[in-house]
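Both complexes below contain subunit A, partnered by subunit B and then by subunit C.
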Partner chain A sequence: MNALSTPARLDAPASPRGRQRSRADVVINVIVVLAVLAAIVVGLSTHRFATVANAKAIITSASLVGIAALGLTLITIGGSAVSLAIAPTVAAVGMMFLSAQSLGLVPALAIALLCGVVITGVQGAVVGYAAANPVVLTIAASFAITGLAIGISGGASVAPTGSGYDHLNATPGGVALSVYVLIVLAVAVEWTLRRTGFGRSLYLIGANRPAARVAGLPVGRTTAVAWLGAGALFAVTAAFTAAFNTSANVNLGGTLTFDAIAAVLAGGTSIAGGRGSALRTLAGAVLIAGVSDILLLRGYSTGVQIMVKGLIVLFVVVIVHLRTKGSRA
Partner chain B sequence: MSSASTTAGGELVRVDGLVKSYGSTRAVRGASFGIAPGEIHALCGHNGAGKSTVVKMLSGQEVPDGGTIRVGAEVVDLRSRQVAQRGGIALVDQELSVVPTLTVAENLLLGDIQASWINRRRTSGERFRTLLDRVGLGHVGLDQRLSELGIGERQLIEIARALGQDARLVILDEPTATLSDVESAYVYTAVRSVAAAGCAVLFVSHRLGEVLDLSDRVTVMRDGAVVATTPVADLTIDSLILQMLGEAPHRLGRRTGRDIEGSAEVLSVSGLTVPGRVATFDITLRAGRVYAVAGQLGSGASDVLRAIAGLVPAATAGITVDGVTVPAGRPAAAIKAGIAFVSNDRKAEGLFLDKPVSWNLLATRLPHVTRLGVLDRRRWSAALAALIDLCGLDGRRAGHDVGSLSGGNQQKVFVGRCLGRDDVRVLLLDDPTRGVDVGGRAAIHALLRDAADRGMTVLFSSTDLEELLDLADVVVTMHKGVAVRRHDGDTAGSVLLREMTHGAATVTEERR
Partner chain C sequence: MSARRLGRPEVLLPTAAAGLTVTAFALLPAYTDAGLSSFDVYNTFQIFARLGLLALALGLTMIAGEFDLSVVGTYALGGMLTVQAGQEHYAYGLLAAVAAGAAIGLVQGGLIAGLKLPSMPVTLATYIALLGLTSALSGGLTKTYSNAAVTLWVDRTVLTYFSPRSLITLGLFVLAAVVLSLTRWGRELRAIGGDRRASRVAGVRVDRLLVGTFVASGVLSALGGSLLSFSLGSANPDPGVQPLIVAAAAALLGGVSLTGGRGNPLGLLGGIMAVALLTEIVTVAALPAYVTQLFFAGLLGIIVVIDAPDLHSALVRQRTRLRAGTSRPSPAGAQPGSQT
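Up next, the complex of A and B:
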């Protein structure tokens, strides 16, 4: 292509600011490398941390949050910030999943997926087509979902109506099934984001929504589809969580909403949209699980573990912010 | 307000030989003029003449490269806006800087250097009342929220705030550009009363009628230099335009081989109305022609384009493309009908600045570079190479973020992304070369003419006479929301400028 070998210099040479920026980048990179090294040293010096059994424990504990966080990644990249209705959605879908066990595992899974897709997809359609604020909308939705779930279940825990669910608790090769599912889904979501027109539109819409509208990208549809996908992933988390607990009530989701947000942010996905990836989220989930594990093995209390989780998120968000600010200066 | 300290010539403010360059462009090359106390002094000039740079230097936003600014008898160094304010120079900006959610009193307090720190509201109340009376806002309460006031009244609050800073020189930068006639009249009254109190007023405006009505003397700038400072009694609209444009021949030429009416009708717009901005605008566009809507800020020219692109929900219009009706107010429908829009706000609704050039160029044609929804590497790079070639961009930069490119190249990407596609029938560009240097400008003009030669219909809005004359086959001038006249080639630039700045009125009607 002769276009690719155009010799003309089209732009002014890098300004002095460019050199300052690269110095700042070096400082940031050094900090990141030091932090990673510190984590490795602390990890290796922790008794029983660097064992296969412990690695399995870490990735298993990361898997349920990780799958939900993959769903949230789609929402965040598309510029809809976060969904605060993850835990209630997972609880409601989990209850549905267990009470549908009498139909068999596969129909119950299908019902769970449908449920998750509908609940979350409706919210996505409102965000996409009516430009609703996702935070406000999902707060409202989480009350509505919880209320509905309590209303239908009468506030009681739902017991499984069959035993098909137990297949989800299988551990082929000594590793929980949810781990395999997490990895397969992470690859699938990553591929969708990178290699499809939908993925590319999602990044562009997240980066600049008004510009996407002017460019004629299907803003409403793409946003709605991203939320649909997120709903399906929430439903997968719900099925695994319910199967693991063998019963489900409205508190099944627990702290999942914030755990998923933490995993997305710790992976370095920008809350403002337009940046991030599924593999980053996977890394974020594993990072948080790994650090929690170190603290647990070293005998720190739950309070410390939670606090450190917050500090990790803060650290990564600040680093990501500094880097993107640098590249835009 | 003491007018005791004036320069030798009885002037309150005097600038001499001001020079300012931005990079290699000399925005101002030797500007000298003076303003007397109590005088309303207008500063006129066509786009790029250097008016706003002079205003920036006088208000402390830019430091001159050379020359002097005198306030009273002494030479001052206006390092910042605060310093200028303390020196008695207040600027009322083009963009309103009042806060709609606060009350009148609270807005007046913002940036008020006189208010005492304790009990500010009570001690300042009386002073504020006087200020409001001076600008003709006697009917407005101090506790009223700004959001309850009209845009003209907000402009007056801004003037009152400038007066509250004990200004000796008030600079008004296009204060009436976005106001209606009635609102503008309030501003004129306020400006006159401000001047009557002994304040000097520097008034920047594109509306030549109001310049002649309001001011005592007019300084005209052209190409960064002052052409003349003339008492208004010696000026007419036409002599003012002559000063602004110079003697150079500016004509809209009829381009060879372009019979305006000879090709198929593509876009037809009838009765386009945007409440408060545009009154019943009609236009018919034919294939392969370049059309322009010429009008200053607030004339409605850019509203016309935005409305055709479906970006103004309040707009009503009958729009057809190739005879098929396009519903108004829906951008997706407009795009589907083949109407592409290049906004004048590249950052906010144009490019994806932190995404690569390649993503930006192909953003509008993702369906064409995918197969069953999956990106197809071969189609992607073929489409990219073709576009980069078309726009004259550097292929090696395809992977760079668009934000790292110069303004001119960013605009090439923005325009280029609408070209080379059969599904775009009409290309709308709102101020196509804003913030673009001379070289980039010529390249973008060439791109657009090329596109028109290949059968695309182009409609752009501009305030820039040279751009209008260079690029357009047909120019429709607009003034205050109304189309003034349609010019099919062979029109003098001075006529266009006259209509843009003054409307359709004839000399005899308007001349004071």
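Up next, the complex of A and C:
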């Protein structure tokens, strides 16, 4: 990343056009710094924001969206834009997880993972091998998953058939288990992306699919594997969400699809693919949770919280776009 | 010539979809014990009116090679503004909704055209922000519209099969079709969707057209929300993702391609009518509602797989390899393939 942008910076002052670019870069950087400072000032001046209890609340609320967003990060970096089937997948897997509780926690988790991997992996195979449009495909998949889930469950809520799921609601050291899982998974995904051949090919495929194909990379297989990983991460989110709610129906996913996309975009990952990281997504999820928390503490309504979330995503998308354009020129 | 025109996806898909569903609808009494009445036709048009403008708004941006996810946000905001500003007179509400829709379209179009941003993340952010704004305006509650006269008027039966609401929606489809086929905007819209750089070089004012398309999309979705609020006599701050998904399905069935550059308003009309008929068939036949979803899923799955470029090129490669194998001695044998 650094190696790529340094030469551009070096010859930038050579031409007046380049100087203009770098001045625009400075303006963008100043805006970003000011925005961060403003957020910190508002945060610190908010009553009860800078407390340990509140930090725990923020990271707990970021954890469920964060795990799903890590999965989406794999999809986005690989150049398949986004999946619009996250919430239905989570709902279906969550229902499966709770109804398999009578087998015990570990088999139920295994079943949930398998379901998530199969549901999402099939979509990934179609996207990877046939280059099908991921947005339309996942719209179709969301219909299919919700339809099947309603058909099988009869539209009713699924109650847990055992109590093993309650271990997922544990709070070791006063912090929800999902937070530890989020951090471990973020590090694992980041390591996979940076240090394995799979991760590097994924970046290349996302940046330029035809070139990756010509270079002989296994485009179809890599994309499919990325979606398989995403499916596993969606399944983890599903298990935690279902355990937290202690019942699951087709609406279990709620607004998770858009929350996950917002976390990925707010982290600065480009929707075009080839850029981004798991740690950025983690930062995006925490950023959105933190700002929502400030607004909540200051007594703003849910509507205002959602609106500000949208505006943050818009701001980051514009800034990231301007910066990447600047460093490319 | 006409056979080839019919074979083009923007004609074939909506014709086939509308034809199939009309046939299935007309044959309903044959395979269920439910009879058909003029009310069922009226009801189909009511379903069409509920989602038609949303599909048109989304479809127009898709023809231009963009994807306006914010249509549902504008739809919700338009409906809410109509109820809150239109308590005294419906025209104020309508005006507020249309103005908001135009302003949203202007901002999004300006960002997308001016900064050359990809439309998906921008409109997604706007979608989230608009849902939040609508919820903040209403305090998260459903607001009722007290002007019952308007509610009765928009849904009263006209000419047995229609209501003013469905006629307005149909009228806007016809207007869009006439404007896009009689002016150069139609061709330019497809041009910027097909190859933006080439159309810019050819002298199309790409930026202006993009902003215009997003303004049209905003106004149409806001109007759709207004009409729905008038009809229901209330406005819901969160319509969910279902309308977006159904509108996208309708647009794709209407022969619009996600890569842009293909489609027209009449095709979109065919697509959304197919969706409305299907919903009505499921209602009349008393099938469980999820059957519609499975059906849409199958349909979209087929469309997206047929449309997939790598699958297509793999098939072409396979076919040329076969043909090359059988006709290797005569080089002329490869000629017809390369001409098409």
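In the analysis below, the second predicted complex is superposed on the first by the 313 of 329 C-alpha atoms of A that agree within 3 Å, B and C clash if a C-alpha of one lies under 4 Å from a C-alpha of the other, contacts with A are read in each partner's own complex, and residues count from 1 in each chain.
Heads up, the rule we're going with is that contacts are C-beta pairs under 8 Å (C-beta built on N, C-alpha and C of every residue); 3 or more make two chains touch, one makes a residue touch a chain.
As the structure is a prediction and not an experimental result, all values here were calculated from the model.
Trainee: Just to be sure I read the superposition right, which of the two partners does A:208 touch: subunit B = first, subunit C = second, or both, or neither?
Mentor: After superposition on chain A, A:208 lies in contact with subunit B alone.
Trainee: Which partner, once the models are overlaid, touches more of subunit A's residues, subunit C or subunit B?
Mentor: C
Trainee: Looking at A:296 after the superposition, I want to know if it touches subunit B, subunit C, both of them or none. Which is it: first, second, both, neither?
Mentor: Neither partner.
Trainee: Does the superposition put A:55 against subunit B (first), subunit C (second), both, or neither?
Mentor: neither
Trainee: According to the stated criteria, A:197 is in contact with first (subunit B), second (subunit C), both, or neither; which is it?
Mentor: Touch partner of A:197: subunit B, not subunit C.
Trainee: Applying the touch criterion given at the start, work out whether A:147 contacts subunit B, subunit C, both or neither, answering first, second, both or neither.
Mentor: After superposing on A, A:147 lies in contact with subunit C but is clear of subunit B.
Trainee: Which partner does A:274 contact after superposing on A: first (subunit B), second (subunit C), both, neither?
Mentor: The first partner, subunit B, only.
Trainee: Once the two structures are fitted together, what part of subunit A is touched by subunit B and by subunit C alike?
Mentor: On subunit A, the subunit B and subunit C contacts do not overlap at all.
Trainee: Under the touch definition given earlier, write down the residues of subunit C that touch subunit A in their complex.
Mentor: Residues in contact with subunit A: 67, 111, 115-118, 120-122, 124-140, 237, 241, 245, 248-249, 252, 258-259, 288-294, 296-301, 303-305, 307-311, 314.
Trainee: Using the touch definition up top, name the residues of subunit B that touch subunit A in the complex.
Mentor: 309, 311, 331-332, 335-336, 340-341, 343, 348-355, 359, 363-364, 366-367, 369-370, 373-375, 385-386, 388-389, 392-398, 401, 403-406, 409, 417
Trainee: Please give the residue numbers of subunit A that touch subunit C in the complex, ascending.
Mentor: 81-82, 84, 87, 126, 129-133, 135-137, 139-144, 146-148, 150-151, 155, 220, 257-258, 261-262, 265, 271-272, 301-311, 313-314, 317-318, 321-322, 325
Trainee: In the complex formed with subunit B, which residues of subunit A make contact?
Mentor: Subunit A reaches subunit B through residues 1-6, 8-12, 195-198, 200-201, 203-204, 207-208, 210-218, 274-275, 324, 327-328.
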